[in-house]
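Note that the chains take the letters A, B and C in the order they are written out, and that residue 1 is the start of every chain.
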Amino acid sequence: MPFIEVNNLVKDYKLNVRKKGLLGSLQSLLVPEYKMKRAVNDISFSINKGEMVGFIGPNGAGKSTTVKMLTGILVPTSGSITIDGLCPYKERKRNAMRLGVVFGQRTQLWWDLPVIDTFELLKYIYKIPEPRYKKNMELFNELLEINSFISQPVRQLSLGQRMRADIAAALLHDPEIIFFDEPTIGLDVIAKEKVREFIRYINKEKGTTMLFTTHDMQDIEKTCQRMIIIDQGVTIYDGTVEEIKEKYGTNRTLQVDFSENVEKIDIPGIQVIEEKGSKKRFKFRKDEIQISSLINELTQKYSIVDLTVQEPEIEGIIREIYQGGIKFDESLCGVR
Amino acid sequence: MRAYVEFAKKAFQNNIAYRADCVAGIINAIIMIFVNICVWKAIYEDEQAVDGVQFKMLITYVVLAFLMQCIYAMDEYRIENKVRSGSIGLDLLKPINFSGYIFSYNVGILIFRVVLQLTPALIISIILFKMLPPFSLTMFALFLVSMILGYLVLYCLNFIVWISSFWFYWTFSLVTIKDAAVMILSGALLPLWFMPQAMVDFINLTPFASIYYVPITIYLGQMPMEEIAFALLKQLIWVLGLFIVGRLLWRSALKKLVVQGG
Amino acid sequence: MKKKPLYSPIEIFVLLMKYAKLSIKSILEYKFDRVFITIAIFCREMISVVVMFLILTRFVRIKGWEYNQMFFLYSFLFLSYSVFVLFFAGMRDFDNMIYSGEFDRFLTRPLGLMYQIVASRIDLSAALGHGIVGIILFANTAFSVGIVWNAKNIFYYIVVLLTGAVIQASIFLFSACFSFWTYKVDNLRNMIFFNARRISGYPLSFYPGIIQKLLMFVVPFAFVNFFPAQYFLRKSDMSSYWNGFLYMTPVVAVIMFLLVYAFWKKGVSRYSSTGTAM
């Protein structure tokens, strides 16, 4: 049985329609008018224990609403959620006991106090036995080097340190499932890498189920096996990261540096997308043209200084999906 | 000059956004005036002078003091917020006078309050509380002049407190203590004639009486003509004196800002 | 089958102490600031006392109420507010918790929401600022208004102080609950809490009927100071009220809290169906 099971999840928001003008504002105060907005429209998925899943989607797509329902902050309009047999909003506290949440933009640490004080409090909130607390603190220090700033007030920490402390705080009680909301936002490249490495390690060692929402595709690419793309309240993709690359990343770019100016390249199936003197960029579909034969043909016909083939970045694919450039076939949704 | 008019306009528009809050503010003021009058009625019941001129004057005093509180309200934490967020650095780069900007912003709030709070509250007060009309037309004109000077005294005093945010991280305490001093010593809550002589003598050495007590007594015709000129002059001197202190503090604040690199 | 609760009562209490320890530690991080704030609050609260003092030196008594009795009446407001703000400051700051997202965090924790709100805040500055005013007034009046401080009276005094704090907490929570529906609650709060409290500084009998009814049945400040004080003073103006009101403060506190708690529950369920304050 899957660890997390979500069926036909729907969330409607009641929006207050505000009228303009003094009379209008008085009127909306006395006789409020509402408009319904469907933020999540019939989403279903299931997640197994120990999986790492990334939720992505443009702003307002419904991904954070979905995550809020999973964590028990919001109650769904209809549909069901079960996390290891518990319903997060009906048994909020019991569910929360084995849940960890990291909000990238909001800290759960006490702002004016040293990090260790919040940790001590969390020890009591989650009833962490002393040996396990000690062991975890050692582990977090080894991987996140939290001891170097553990006795500094949170307000004096750098963003990277604060985020490390926040992640440690959320994992202190060995939650079975953890939600990351933008865990690397605002961090520099090195700090991001450190955080990702830690997350991967914890998943491997402790088998924690992990759910992400992020804008940084690299977070997903480097940590998750699976991703769920949500747009306009519906799941438009649910599958592995490789799969989406394979299936939709069919375009390749070839950059060629010719030794002399070449007027026209006459090879069927390729398209010039950029020309800069002797440098040219071509686009072609890998299912139409074999790369090896294309390179062969080019080197035979022309004299070439340099040549690179570029694979599409997942970022580019996702952007195309949002813009409607890629249409999914039904069969792909809910692969699992 | 154009720029400052724009700042005042912007302050006016910012405040318009909170209309519901504004209405609640008027209701609050009316309730508090009403309740205060009830207390005074209870106090005067034993003296059996509830219908006397003295009592009517007291009621008028209470109403005026509350209405003036409405329009004397300023944005107490604007400078502090700018200092703490560091946006003051940007403001100082602009080709405007910062103190002028703060002043015109508060004038915008003043105009907003006169138009949308004072006017309705005044009309309701005249109908409900039967306040006395001004003693004479001349006195009314002098009252307006004195009230403007009173506003300026309070503004200059406030400015000094606001500037202290360059030295203190939070100014809540200082602002609160200043407010408490203004409320009690300026006669905003209790006319000076109820206070012991020693206290009045002390108050006369401070700028506080210039803020509420002087304008209201002029309105009530309680101040002889020859004293009025002197009182107005005193108000003016306080405005200038506090203004100069404010300028000096502002200059050392700028120095501090430059030393710290903003 | 009823499941075992997550925490035992002892664990709940120990955790509360841990929260309190952190709050106090936070306060001590800015000792100078906190002391200064305490002084400022003391000054702010003293002005209404000074005004009353000046009026009473001029008029000696108002409607049969004498100097000492007036200040004894007033002392209830300060002392019970001090108790309230020491234990329930979270209810006061609750609207900010919604805007800052702290409330979302509470929802992801295995503890009760009200528990976390109450546990996470202690306002020592306000408690001291109000408390000192209250103690000054109490010390100057309690032994000169003819009260016999026997065990029964001391017990009832403590009961009305604590339940008076609960009434104030309920009124505050009531105003804060509106932040589940609307954005700015400042002026509303001024109206139903601070102004109502200011009005209650003087005996209830000074006011016209409508204001008396409001202070008895809508924002029941009358049960925070007027009726408790009357229990000890038995002034003649008590004759116009039902005598039972003298003993009603704890009852009013319980009823008020239950009503506001139901309103709060409604607000929370609205919050969890909209996820926003608006």
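Rule of thumb we're sticking to: a contact is a pair of C-beta atoms (placed from the backbone, for glycine too) under 8 Å apart; a residue touches a chain by one contact, two chains touch by 3 or more.
Since this is a predicted model, take the numbers as computed values, not measurements.
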* Structure fact -> Relative to chain B, the most remote chain by C-alpha centroid is chain A
* Centre-most chain, if every chain is reduced to its averaged C-alpha atoms -> C
* To do: Please compute the C-alpha centroid of chain A, do the same for chain C, then give the distance between them in whole Å.
  => 46
* Asked: How many angstrom lie between the CA centroids of chain A and chain B, rounded to a whole number?
  -> 54
* To do: Determine the centre-to-centre distance between chain B and chain C, using the mean Cα coordinates as centres, and give it in whole Å.
  => 30
* **Residues of chain B whose C-beta touches two or more other chains** => 20
* List of chain C residues in touch with chain B within their complex -> 33, 36-37, 39-41, 43-44, 46-48, 50-51, 54-55, 57-59, 61-63, 184, 186-188, 190-191, 195, 198-199, 202, 206-208, 211
* **Residues on chain B engaged by chain C in the complex (per definition of touch)** => 18, 20-21, 24-25, 27-28, 31-32, 35, 38-39, 41-43, 45-47, 169-170, 172-174, 176-177, 179-181, 183-184, 189-190, 194-196
* **Touching residues on chain C, where the partner in the complex is chain A** => 3, 6-7, 11, 14-15, 18-19, 22, 25-26, 29-30, 100-101, 104-105, 107-112, 269, 272-275, 278
* Complex contact set, residues of chain A against chain C -> 13-14, 16, 65, 68, 71-75, 77, 89, 92-94, 96-97, 99, 101, 103, 106, 108, 110-113, 117-118, 120-121, 124-127, 153
